[in-house]
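Same chain, two partners: chain A is paired with chain B first, then with chain C.
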Partner chain A sequence: MEKNKYKQIVDKVSPKEDKLYNAIIAFLIGGLMGIIGQFLIEFYSYKFGIPTKEATVCMIVTLIFFSCLFTSLGFFDKLVSFAKCGLIIPITGFAHATQSAALEYKKEGLVTGIGANMLKLSGAVVIFGVVSAYVFSLIRMLLGVI
Partner chain B sequence: MIYLNAFLFAGFVCMIGQLILDNTKLTPGHITCLFVVIGAFLDVFNIYDKIVLWAGGGALVPITSFGHLITHGSLAAADQYGIMGLLIGPFDLTSAGISAAIIISFIFALIFKPRD
Partner chain C sequence: MLFKYNNVYINGTGTVTGPYEANGPLSKYFDKSYQDLYFGMPTWEQAESKLMIDSIDIVLSKLGLTKFNVDMMISGDLLNQISSSNYAAKDVNVPFVGIFAACATSTLSLILAANMIEAGQVNTVLCSTSSHNNAAEKQFRYPVEYGAPKKNASTFTSTGGATAFLSTKKSNIKIESATMGTIIDLDMKDPNNMGAVMAPAAAETIYKHLKDTGRNPDYYDLILTGDLGVYGKEIMKEYLLNEYGLTLNKYEDSGTLLYDLKKQPVKAGASGPVCLPLVSYGYIFDLMKRKKLKKVLLVATGALMSQSMTNQKLSIPAIAHAVSLEAIR
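Here is the complex of A and B:
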């Protein structure tokens, strides 16, 4: 009985998140990131005359650079808490996780702080990517052979 | 036209991520890992290559393209080196993103002070 009452009070007091609003914001910001990506690819391939594949690499590096810079300057966190998945799902989220971990553990030293903890959050992405890609490619190879 | 496709695809992926985040107890870390695995899976039957042709940069910006590129590199190296290619190839195409993230974050971590 006490527990139920407590839960009711918590539910009343804690702010309600508007799921539809969040989804629309994530859609708009994420779509904007897609447009920026496409624009940068075309910009690099026209401006420097490089193939699309290399322009893609330049685009990814540019996005990573700016999200690292904005995280270091301190206002990317506010953007992320506004746009949520609109900025977490694009490659900017990966860079943001790396940069904020590096800044957070800076006080523990270069090796045991930055070196050991930089990939604390984003390492999961690399590990799951490699493991799942290995399994899926192995399956495809075996299917191709048989 | 490709800009519209890029907007729609990237927005769609982010919206699905947001819906998962709001309606389950998964953290953003779980969701990015989930999307990487989905991207790796979609590349197995070359579905993601078709999406990249359709949506251009919109398909390359979300984290799903990370999984796609890892599988792509593995399969390309597997064509060349056989089964060992699966170990040689994974970072062929993604190394730029990972290296850039590590190097840039390291330099900025040295320059900037952490903020609360």
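Here is the complex of A and C:
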């Protein structure tokens, strides 16, 4: 059979992803994460009397802590399967990806297992996060000079 | 390529599963099921090997035999270097052939064993295969605890071990003929839609088998493919109709039978090397022994996927091997 003809059959039969539903869920859960983050910032800056910048760091640490804890307790994967990008895109997704990989490889040794595989999923986020931070800082600096 | 056999029989089978399969509709046909996914072993990979060893122990004890009665073992699985098989074979300690045909392993092992038995080179052969959902997820996809969202066309790797014992000694189930498949590649690249990758391989092997034997599809009481899943099954039927004008009336796919597709979170159905043997060695063989089915064609389908090649943007090759079985008195 011709490849193109076969592709037509596959496209006809294969199920479509419900992108609108996924987007709405991600929007709502992602928005909820934003609300929680903002609440934490306000809470920390009010409670401890620290500037917003420092309160933001505390908020990030809190979210990372809880997503790692929930991953280790074994139910964060079910939340991610449901909320999809609503939990994957925020910092919770990064923590969860790192923690789940560490858990997966812990029995293959401290260095060869956890050390070598912990950033298997989230390594790309670190690399491209740093690269894009450089690029945008450069643009900002050049614009500032001009 | 067609092989004919006069004197090869399946004397016994052993099937072991994990909890998902045990909660499915075929649970009463399995010899043994575990309620957790470690089976007392420390890791997923070792757990998978344990499944294979268990299934071998079960079939030997059912037949009242020991490993000293086994001339050869042929087995394969999905893990890198077919490690489950290698470590299981270490325990069985008989001459061993490790094979890799992804999810087509079960029928390939039956064909190789039947050929050697028919040629009189060996008398008794164990054909084993296994897969483990979490071991496969870890190797091919994401860490288990990551819970990466699945596409609707994706299938769920089944957890289990299955072994068949073949010899020249007469039994209820005879291996009558077999067709060895060729690799088919229609430029499918989506590892989340393996049904579409494997469907044409299944269709080609079924067509070749029918052509070489001069049979029409209704000769068989059941044609059972391996792990195409809900959508792959439809694609396979469309392909056969479009390409060869063939319609299969008595056709099923193991991937749609192993789980309760409505209640269990398996998306398009079951997959994995052990999917077809779990369905056929228990459920289908039982129907054959009760004379509900007389002639059955098993067509295990394998997507020969390598992550490196997929990352290099190459398409996924697929293969299917068919084994024709007959229930005899």
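In this text, the second predicted complex is superposed on the first by the 117 of 146 C-alpha atoms of A that agree within 3 Å, B and C clash if a C-alpha of one lies under 4 Å from a C-alpha of the other, contacts with A are read in each partner's own complex, and residues count from 1 in each chain.
What we mean here is this: a contact is a pair of C-beta atoms (placed from the backbone, for glycine too) under 8 Å apart; a residue touches a chain by one contact, two chains touch by 3 or more.
Here the structure is a predicted model, which is why all the values come from computation and not from measurement.
By the touch criterion defined above, A:Glu17 lies against chain B and chain C together after alignment on the C-alpha atoms of chain A.
In the superposition on chain A, A:Gln99 makes contact with both chain B and chain C. Number of chain A residues touched is higher for B, counting chain B against chain C.
Of the two partner chains, chain C is the only one that A:Phe76 touches; chain B does not reach it. Contacts of A:Tyr6 after superposition: chain C is touched, whereas chain B is not reached.
In the superposition on chain A, contact of A:Lys84 is made with both chain B and chain C. Touched by chain B in one complex and by chain C in the other are residues 17, 71, 74, 84, 97, 99, 103-104, 107, 121 of chain A. Those residues of chain A whose C-beta lies close enough to touch chain C in the complex are 1, 3, 5-7, 9-10, 12-17, 71, 74, 76-81, 84, 96-97, 99-101, 103-105, 107, 120-121. Chain A makes touch with chain B in their complex at residues 17, 19, 22-41, 56-57, 59-61, 63-65, 68-69, 71-74, 84-86, 88-91, 93-95, 97-99, 102-104, 106-107, 114, 118-119, 121-122, 124-126, 128-130, 132-134, 136-141. Residue ranges on chain B touching chain A, taken from their complex, read 2-3, 6-15, 17-19, 21-23, 28-29, 31-33, 35-37, 39-41, 43-45, 55-63, 65-67, 70-71, 74-75, 78, 83, 86-87, 90, 94, 96-98, 100-102, 104-106, 108-109, 111-115. Residues 42-43, 138, 142-153, 186-188, 193, 196, 200, 231, 234-235, 238-239, 242-243, 268 of chain C touch chain A in their complex.
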